[in-house]
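In this document, chain identifiers A, B, C and D correspond to the written order of the chains, with residue numbering beginning at 1 in each.
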């Protein structure tokens, strides 16, 4: 199990069959630097163009189409003392009539203080005064090369992962992605120091990160889209518009998980989900929305 | 503050300007029996027709159009030792192609045990064996007479409340509803002993209840749809299709709440929601879907 | 076959089980006056409140739940020399970001000239100069009392008809509606002198009408939503949000029509629709959107 | 103005920055052979893989990002005496509950007879007997390399064109596409001998074609998505899910067209669209749906 430290020189704004920057073995760990959503690095220099420039891709030895790639997020560390958000709710998340009342959006700067584990917006926010939130670091955009020779913008997401902007992808979580090309070609970037559900202002607190991930090949494991797991729960991800289609993708993938790995038929899976399922809304801002379908492991009672 | 005990003789399957069954004073408490979604009462006799027969309406003295009705759910007690659910995921919550694989739905009976605080499905559920869940009682359908002289089916929901099937309406929560007619005309019923997010099988564990609610008029409080509050959070409800419209209604109503009651302008509200908002999916089964937009009170820092 | 002339004194803004204004025999013709969407009558006096006040209901002798009511629009005559439209596209029909650029809407007055068969907007419309369109009279809102004792606002639509705002409901068309209460209880109003697809500004050219309709009971004909027919085509209507659900309702109802009346199984119906179906978008503005699924009669080749 | 005849050796299932097969001058005409949606050529040999293998790309001299590419469809000739369709409505176009009744889909073979201008399905279709439709040749999938270095599957569509499956792209129409890379890189394929609105069975009558197109660069013409024009009308295309977003894209692009080329401000454009707009539904089957917003040229009265 080797640990690879990687500082990127160039970045990708599509997930596709690009030249690997590094070959790693099954089970290796990568410690990689990432830039923020607008391409600003840990020193505050713009080194890449929007949107969501990605570090990678990493070629994982042994990964073949038909396998799954397990990505354990070991550590997600913001490495810059400032981040930014948009200032105004996106027109997508309010009533169409209300959207006409929204002012133009600006960029708000936040001070990130790792010592206290908080982010504080730098300008005075009206009745909120100086507003502080706890750091809850997450990965906004990561994934593998998509199927069919596609190269898909890091603005959006799909079965290959991509710009899901889901706060559930945090340290301690293992994500699973369907491998479509030899080596899987893993990308990551777009770290958020914090973000609410839905990414309703169109950003999290965007900043540069050091991300430590461990990459493992699950041979012969066919999945239809991203999945995840932590100590207490399992979840599946649907990336699509409209929001109900994202929910349908996520739910159907959970049924497959329960069927293939837990031996539950449609009746048992329905019984379980009917009383125990939880849904999270990842984003309702990007070209594809993201919904997570989640089950507590204790519900499985297996 | 009087406590009224009410055993219904007849039931309504629309929320509308129906003859009140009881006049209560502002601040009074009502302890009412309710039947299950198919109209079976506490003795297991069918006394009303589907869907979701309602107890009421209760006329609250002093409630006028332009006010809000505060409904505190003091106690929600299942009063029958059995309930039922549907056996299969609704076609609405899986991928259209997958929907073709779903078998016909049946009704599954559950044993409700208040001593242990659990519900157990009575038939053997394949790999799940005998499946047990904790009781988490909630009100599936409640509301007031809608605006404009409408009488709206208890199958669906809207600004007036109705069949929201949201697990967040549980004991300890105070719901707020916009008053459209004198006396508000409050209805309630359709108790669920437990239900997951989304009501994905089309039911919770449906059973008869004794529900205790305290009704209070908030004079001159104009709201655009249901709201709620408990010890730790506030939330707003959107009832609509598609799911993003429900989310838009809920988010916009939360912005109004923050503006009118907390003095936050659009910038401050955006800043707060951007990092702190949580969404719950009430139901994705009924004619109108339900989304809750939720904020922890500690986020408000006011 | 009697012809009844009816001048309304009062109006309804819900379709529901209201007191009939007239009992007519199966096959009778009604010539009724209607007011515009804002309640202004043929003399320009406001005699009813928004939205879409309806004339009626007419009780059709012999109509029972389980029958269909056939409504032939014999003549639709605008009877006022002016109408109005909204001045600006609805935020619902443009991209959310673009919606922020829309100015506030105003009411635009049009001169209606039956002699020339045209409507001309009265104020100068920038580069369009004086803008004239041919009259294409249609009924925006009509229907029967809905099922389940509901009274549903004339702002929206459903299986019972209602505010469909579909330009395909014009003279020469026979509409079919599912009967849910004895006598059907037929309502009509909201005439438009002209309207594009989608009702994209939120109105047609709204004016007062004299409408002549012939009402006929089709015994034992169960339908699930509005249908229509003219000399050259048949069509089915879906009223719902989102737009694809409206399309799904319309398509499914057309499959039932082809199956029940034309003897086509699912394969034959698919073959026919696959190459020959046409869709019209009625409205994308009202709470429920409207889509028509249409087949030329010559395609049926039966 | 040169005419280039091109017989493809290899095909693409993504639209992206691929090696051009031919460089053509601004104004040149290309006569190209195309294979059917499953990769079968004019001789019935499978020479490429699904979905919708494309001929090209053609590099058009002088085309630069920020220009538009005008593609006149001079002639669309089916060149095989058979085609195929799917046998059953897609689950996407019927009610979710009804989707459960759909049988598995099969491939239906059609005999294409250019002499009579018809296509006839070869197997007996129940009550339809032998079913014949007139040929109405169209291009299902065409476009240019997308923006941002993307390579997008020919299963779907976007601002760059792609798999729009819209019956309005027929001979005599000039389509306009936004140029994102030098030379534009034009692709085409997936000819349909006929297709109804919506591509409701998931195919048209799929066959091999000889397509003649004339390619012209419109310098400095910035457009946001596909547009089209024929002798009597202009139209804009929205490719997206859900269907209303596709409609919103199309409508907004039409407003830009009216503003930039016809000098209409938002009021005038609203007035015009409100009474005169027509919508066509291209497809409701592919990952992105397609809606056309159409205006008769005579409505413009300019």
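Convention: contacts are C-beta pairs under 8 Å (C-beta built on N, C-alpha and C of every residue); 3 or more make two chains touch, one makes a residue touch a chain.
Note that this is a predicted model, so its numbers are computed, not measured.
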Keeping to the contact definition above, tell me which chains border both subunit A and subunit B.
C, D
Among all chains, whose Cα centre is located farthest from the one for subunit A?
C
Could you tell me which pair, B-C or A-C, is linked by more C-beta pairs in contact?
B-C
Determine the centre-to-centre distance between subunit A and subunit C, using the mean Cα coordinates as centres, and give it in whole Å.
47
When centres are defined as mean Cα positions, the distance from subunit B to subunit C in whole Å is 34
On subunit A, where are the residues touching two or more other chains?
92, 96, 102, 242, 245
Seen from subunit B, its contact residues with subunit C in the complex are 13-14, 16, 148-153, 155, 240-242, 245
Residues on subunit C engaged by subunit D in the complex (per definition of touch)
85-89, 92-96, 98, 101-103, 108, 119, 121, 125-129, 131-133, 194-201, 203-205, 242-245, 247-249, 251-252, 255, 262-281, 284, 289, 299, 301-302
Interfacial residue positions of subunit A with respect to subunit C in the complex:
90-92, 96-97, 99-100, 102, 242
